[in-house]
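All chains are identified by letter, namely A, B, C and D, in their written order; residue positions are counted from 1 within each chain.
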Amino acid sequence: MIAAYLVLLIPLIGIIFFAVADSKSDMGKINVYFNAICLLATLWLAINVLNQGTILSTSKAFLVDPFNVYLIVLTAFIGLTTSIFSAPYMAHEKEIGKLTDRRLKLYYTMYQGFMLAMYLVLTTNNLGIMWVAMEGATLATVLLVSLYRTPESIEAAWKYFILCGVGIAQALFGTILLYYAAMQIGDGSNALLWSVLYTNAQQLNPEILEIAFVFLLIGYGTKIGLVPLHNWLPDAHSEGPTPMSAVLSGLLLNDALYAVVRNKMLVDGATHSNIAGYLMMGFGLLSFLVGALFLHRQKDIKRLFSYSSIEHMGMMTFAFGIGGSLATYAALLHMTVHSLTKSAIFVTVGHAAQIAGTQRIEKIRGLIRTQPQVGWGLLIGTLAIAGFPPFGVFTSEFLVLLATMHSYPWLAPLVLLGIGIAFAGLFRHIQPIVYGEKPEGQLPVKANLWPVIIHLGLVLWLGLSIPGFLAHWFSQATVLISGSAPL
Amino acid sequence: MNIEQTDFYTQAILSMAALIGLTSFLMLGQSRLLRLIFVFALQGFLLTLTTSLAAHSLHNPHLYISAALTLILKVIFIPWMLRREVLHMNIHRDVQTLKNKTFIMLGGASLMVFSYYVLHPIVQTTAPVMLNALAVSLSVVLLGMLLMISHRQAVAHVVGFMSIENGLFFAAIVATKGMPMVVELGIAFDVLVAAVLFGIFFLHIRSSIDSLDVDLLNRLNEIEK
Amino acid sequence: MNWLIAILQGALFIALAPLLAGWLKYCKCRLQNRKAPSLLQPYRDLIKLSNKKPVVSDHASWLFITAPYLIFSATALAATVVPLVVVDLPTSASADVIVMVGFFAFARFFLALAGLDIGTAFGGMGSSREMTISSLAEPAMLMAIFTLTMTASTTNLSGAIAHVLNEGLVLRPSFVFALFALILVAVAETGRIPVDNPATHLELTMIHEAMILEYSGRYLALIEWASQLKLMLYGVLIANIFFPWGISETLNPKDLGYGLVAILGKLALLAIFLAIAETLVAKMRLFRVQEYLSFAYLLGLLGMLSHIILEASR
Amino acid sequence: MILFSAYLAVLLSFASGLLALIIKQRQLLQSLSNYSFNNLFKNQFQQQAWVDKNLEIKHFPAFLRQAVFILLGLSGLFAVIAGLGVLLSNQVITDQIPLGLPWLPWHIRFDCLSGFFFLIIGIGVFAVSLYGPGYVRSYKEEQHPFASLGLFTGLFVAGMLLVLLADDAFMFMIAWELMSVASYFLVAFQHEHAANRRAAFLYLLMAEVGALAIILAFGVLASFADGFTFDALRESKLSVTWSSIAFILALLGFGMKAGIAPIHVWLPEAHPVAPSHISALMSGVMLKVAIYGLIRFCFDLLSEVQWQWGVVLIILGTISALAGILYAMMQPNLKRLLAYSSVENIGIIFMVLGLTMIFMATGHPQLAALGLLAALFHAFNHALFKNLLFLGAGILQHQTHELNIDMMGGLIKKMPQTSLLFLVGCMSISSLPLFNGFVSEWLAFQTALQVDVLDNGVLRSLIPVAAAALALTAALAAACFVKVFGLIFLGQPRSHHSEKAHEVQNKFMLAGPALLAGLCFFVGIFPSTIIHLINNASGQLLGQTLPNNNALSWLWLAPVSAQQASYSPPLVLIAALIAAGICYGYFRRNPLTTVRRAETWDCGFGGLTPRMQYTSSAFTMPFRRIFEKVWIIDEQIHKDMKGAMNQDVSAVHYQLQVHDHSWPHIYAPIAQGVNDLARQVGRIQTGNIRTYLGYSFTTLVLLLWLIS
């Protein structure tokens, strides 16, 4: 359990450190160190879970089970690789005069703050704390979105703030309702503890839980970026610094979905009707299709990929909604591979935008000829995110399709349509970006592409074969969520 | 259920619920910002009262802390900040005309009914007072959203946002006798940070569009031109 | 013995081909009130050509020189497949009717290439037209023949003819269609009026002649002979498939003699009909030919369908 | 052993791809070799000298290219060995590889059907690897890095081989998509042209949609089975409706890859723009993998074949065959023409497969075996000659820098060897006797002629129509390839480039096509060699072999019975040789008649110029008139006028463009629809935060209302 505390403690120290540190110091590197240590701590935690199974802290405040342990490691991992990417990236931004030292300091402080919030969302056993941490994540990132202080970035941040704030307030209402339902069957002090609620799920009042779930879904769904609650997402992704987009897409959305699924498990236990599943399927499919359509008319490369995130989150939500072991397994896997791939893409996108000096798609051309590593990284990342094997995204999409075909065959054509449209939407923009002759005056930038290589390598690995321990966690989590193991 | 059969606490809670609901309506109909802020502070004060009442009646001392936090944050700090902002921007004399004011008010009323309707299934399992309290808090949440939808000033948005928060608090206190302490503190912390951030944002927005009208924040859109 | 007969029959086929051409010309001249050349004139022409020194264009490649040999051998091979006086030939077994059509295609392929080889406008024109017409004619011919082969349930020509012969006189609607289709195709493929005119060198109308414009000497002889062979081949096909009576079924010399007489008679008659038709009908425009051939194709198809629907239905 | 060589083939192709990646790491290798020779293998001066020489900056790229293609060639060789091994021993080998999903390792199954396609791929890859080093030398390293070309070629081949080995849906799809993606990169290899990018995009998009359809098809089966292994899928019990849905999905998916009309549009775009040896692999080999998929899915996985499916295949096949060859005829671009001709050939294969299905479903498995024989044989033949022709086109492009056949001409004298090889390809594809194309067409006709055994009136009349269409297709193909060969090699050079062209220096570039041409001829003469192999495959797949096993003698080909039909290519060859020999001898006897060369007579016209020759569009003009409705013809004639009153014509400009009907009628509306929809959807993002809040509010209220 010490490991879990350590995981929380390190970013907390990080916040304090950056808050008081001298802004002249090499903060990028220090940020990497913090994240690296944190990753080690999460690995320790993971090993503990691997050996002992589910860990519940003595105060029952923290819970680490197969469902969240891999997400914790993933969070730390993406946090680390993104920080590796962000060090030279932010230095470059400072060089070209977009940032000052003070804002850089703010950036690193908030980076650690965001990481803390993420870890807290994942590790806490208390649904109330989960909400607090979720809101904390919004608060930590909102200033990062407006870091450049351009009118657009301020607008984006404001929308992000208001929409997510209002949205997450709904989640709090849902949590209160949940608490209210739990109060009726037990004592108040433990009534928000997920582990307690989960064991007593059958006794909870189904009507209240259904209503609560609506609020929770709308609330956390805003953060997931479910259509029509998604409107903040592309703005925030496109206007903030790119490392921020990477962690938003890779981590925040995942964690919001995690929160929804945790709550869905309770609702499923209580109601037996599949109302939660249907709602999630509906939202998921809608987001998936609308997100895919949005891809087509994008002019900004980061907006493009943020819509792709909406689309993928839609697919995961849909898959969790289907229920069933296959779909759940697929969704869990998809969470992992989407985070890895999307953050890798944002890294390359960040470099691409720096190379071209703009985020406008029609200005970025001939990347492969300008800087082959970035161009290939972007192209292969896009292929991976579009669901081409042997990358892991394919595996999950494959399973989702099969599960859809199995449970709701009439929805399968829609899913198929969505994947097709999304693919076309991505590639019609990416192809001209990476291919072709390089335009005048487009020069390579200093870039560290190891995060991309590592991420895509991992996604490739997951596509070819899922390592034993991860498979074990996935299937345990699947059992936990859907009640049965995959095949 | 007849109100005379209930204890004093319940009666008081119900009255508070009614008052809070009323303040929400008042806010919805307000077109002057300063008055809006005042009503918001009033709502915060009512909430503080409710919390203390609950703390007293239910012998739940940590609710006093909540009450104090509410008082500081929502009755004093945020209204003060907003007021300063409004005065600074010199928009306190502006009268923002609401389109379809009657329509909005009617909508607000039907939202209240709707809240009862939605929460009705709960009645079978709980005391009706809870239903009332929850319904009022739900309608406060919804009215808060409606307020944000209908008002164009960023200040009004903050007020709406905070009043949603008030509704939630009310629900938490009345229906569930307060959340666990750590959660309450966390929420209060979030509200504080949010309030600070709002302050920062007012500054930024002002410097970027020289106004606090959110309708002017529409650069980022997907509409084909 | 069988093989010997088959080879002899093939040789006979090749030898008789110019005679048929001569006879046709003779009939036509008589019908048109002209003085006819001798029946043996085509032989004389061939001998004359083969003894001449051939002149070949500078632009010609090896293909131009090789093509006549290939064209002639392919046509000759096709001829050995078709029973002339006797059925049950081993050559028919080694190459059935589809292969026969394949030989035609082979010959045509090289003829058209030879037309293109010199690089003149005429050659290209001839090749283009030839390929157009044949690509419509070939399927029509296959359809007509398939009607027969499906009736006989064999694609072996000897077998099919023997089958028709043994069945006696059966009136088959499909055969009527197939007969007409085959006649139409034969006219088109052998370059007779109304599709082509073997006697003209007018650029707007000619097809076959345009391709072989540059040939001379023995090469021209080979190609001329091959086209005479082709004419005879179609004649024999029509005669022996639809009117097989008289063809020998044994290797008995008497039967063989009868068979020879029979086929000569049938061919002579056919040639007269063709001459009459050529005298009466005017040549049609090139772009009318497609309608003509589509009609043939349709007839072939109708023949096949009527066989399947009317005659073999269960 | 057999499986080992199959694995080896896969691994070698991977290895060749990875090897290509080190082209940029020369210095690393140099230091590595220095290190190892100094420390590990001391005193091995000869080897060291050899290694050092190859690592020199001058030799290294050439050396590496050689090495990469040698590995690729070995991969092809082992694929052939594995394929032949399994076909001759007639066995089924299964295995598992611990990759894939945790509960589903990759299942491997290597049976005769896979083996046969292994053979096809192996031959194609081997020929390409002979050809490749010479061809890719012309690419400039900065513009077209060899690393990506080599890498994706290796992956492409490996993907194709893995598709054949797959025995579960998951691995199948991975391999399938690996094949698609790798070939996508190859299509996009010369990405500086916008047309290439567009083609690549279209290709990948359609590959993706097709793959999704295949996944869904597997999904249908899997929902009635437990598990994704093919063994489990075989056991699934489906109603006719569901199995028909699965069939349609599979047809969509595999058909899209195979290039069946009207979902063929990617094919004429993508094949021409890839490097020629890749076009050869894509057209010659990859399309066959799609055929394999369809056969595997329909005959193996779906337990019951329905005759209606056969009808669908026949109709689609007929349309593709006719449309393919007609479109091919109109193309002035050689590789585009060849690509359309692939559509035609795939159409023929589909048509014959349809016949097979009908016979299978109506209880005539022996005839079904005949049909399968014809289909597989044609697939094999098409692989040979299409590969050959694409490689030939590559040589032409390499030597003349042209692909427009209107710009060539007279090359038979400049490039005699190439022209001979190309002629063999043209003759095979035109299905002339003595070559392989004819044999498979002959078999197809034989299959169609068995229609008498059927009871169903619809089928009895449909199949003859299809046979008629097949005959028409063959005749049109001959016309088309007369045009191709005639315009490219014969006549006079039409452009400066072709006038200056000369034979390729690198003899290996000719060796690949020569191998294929030799096989075309060999198989045309001794078809029984291949038929014997296919017979084993159909024995395993359908449980039936040919009705007449005597067909397998080397001399005679009589698949049904000797009475019904027989063909003996060796005898025909001998007879042809004798006939040609006799007349050659006879006519050459007179020494006075040696050939005299002279100016072209041309009706005495004189002054012949290359511009007077027939062009591609002139040659096909009659066809254009006859089949007018098949194309969208955009013919424009502009006259430059001059002189008094502008009455005299000084110059005439003629422009002809021929378009595919499927664009404006199928694809453009879809693209337009998606765009419109996207624009409509875009409207919800107004940029106004109050609207956004309204969405949340409405959603909340709606959901609450819904729930209560």
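Operating definition for what follows: contacts are C-beta pairs under 8 Å (C-beta built on N, C-alpha and C of every residue); 3 or more make two chains touch, one makes a residue touch a chain.
Predicted model only: the values in this text are computed from it and were never measured.
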item	value
Chain labels contacting subunit C and also subunit D	none
Chain separated most widely from subunit B, comparing mean CA positions	C
Higher-contact pair (C-beta pairs counted), B-D versus A-D	A-D
Intercentroid distance (Cα basis), subunit D paired with subunit B, Å	69
For subunit B paired with subunit C, centre-to-centre distance based on mean C-alpha positions, whole Å	99
Approximate Å spacing (C-alpha centroids) for the pair subunit A, subunit C	77
Distance between the centres, which are taken as Cα means, of subunit D and subunit A, whole angstrom	43
Sequence positions of subunit C contacting 2 or more other chains	none
Residues of subunit A whose C-beta touches two or more other chains	158-159, 162, 166, 170, 211, 234, 294, 297
Residue numbers of subunit D (touch at least two other chains)	679, 682, 684-685, 689, 693, 696, 700, 704, 707-708
Which pairs of chains touch, using the document's own definition	A-B, A-D, B-D, C-D
Complex contact set, residues of subunit D against subunit B	679, 682-690, 693-694, 696-697, 700-701, 704-705, 707-708
Touching residues (chain side subunit B, partner subunit D) in the complex	111, 114, 117-118, 120-121, 142, 145-146, 148-150, 152, 157, 214-215, 217-224
Touching residues on subunit A, where the partner in the complex is subunit D	158-159, 162-163, 166-167, 170, 210-211, 214-215, 217-218, 222, 228-229, 231-232, 234, 275, 279, 290, 293-297, 368, 372, 383, 386-390, 394-395, 398, 401-402, 404-406, 409, 412, 416, 419-421, 423-425, 427-428, 431-432, 435-437, 463-466, 468, 471, 474-475, 486-487
Contacting residues of subunit D [partner subunit C, same complex]	409-410, 412-413, 423, 427, 430-434, 438, 442, 445-446, 449, 451-452, 455, 457, 460-461, 464-465, 467-469, 471-472, 474-476, 478-479, 482-483, 485-487, 489-492, 556, 562-568, 571-572, 575-576, 579-580, 583-584, 587, 590, 592-603, 608, 610, 612-614, 618-623, 625-626
Residue numbers on subunit A that touch subunit B, as the complex places them	126, 128-129, 131-133, 135-136, 139, 142-143, 146, 149-152, 154-159, 161-162, 165-166, 169-170, 172-173, 176-177, 179-180, 183-184, 188-189, 191-192, 205, 207-208, 211, 234-235, 238-239, 294, 297
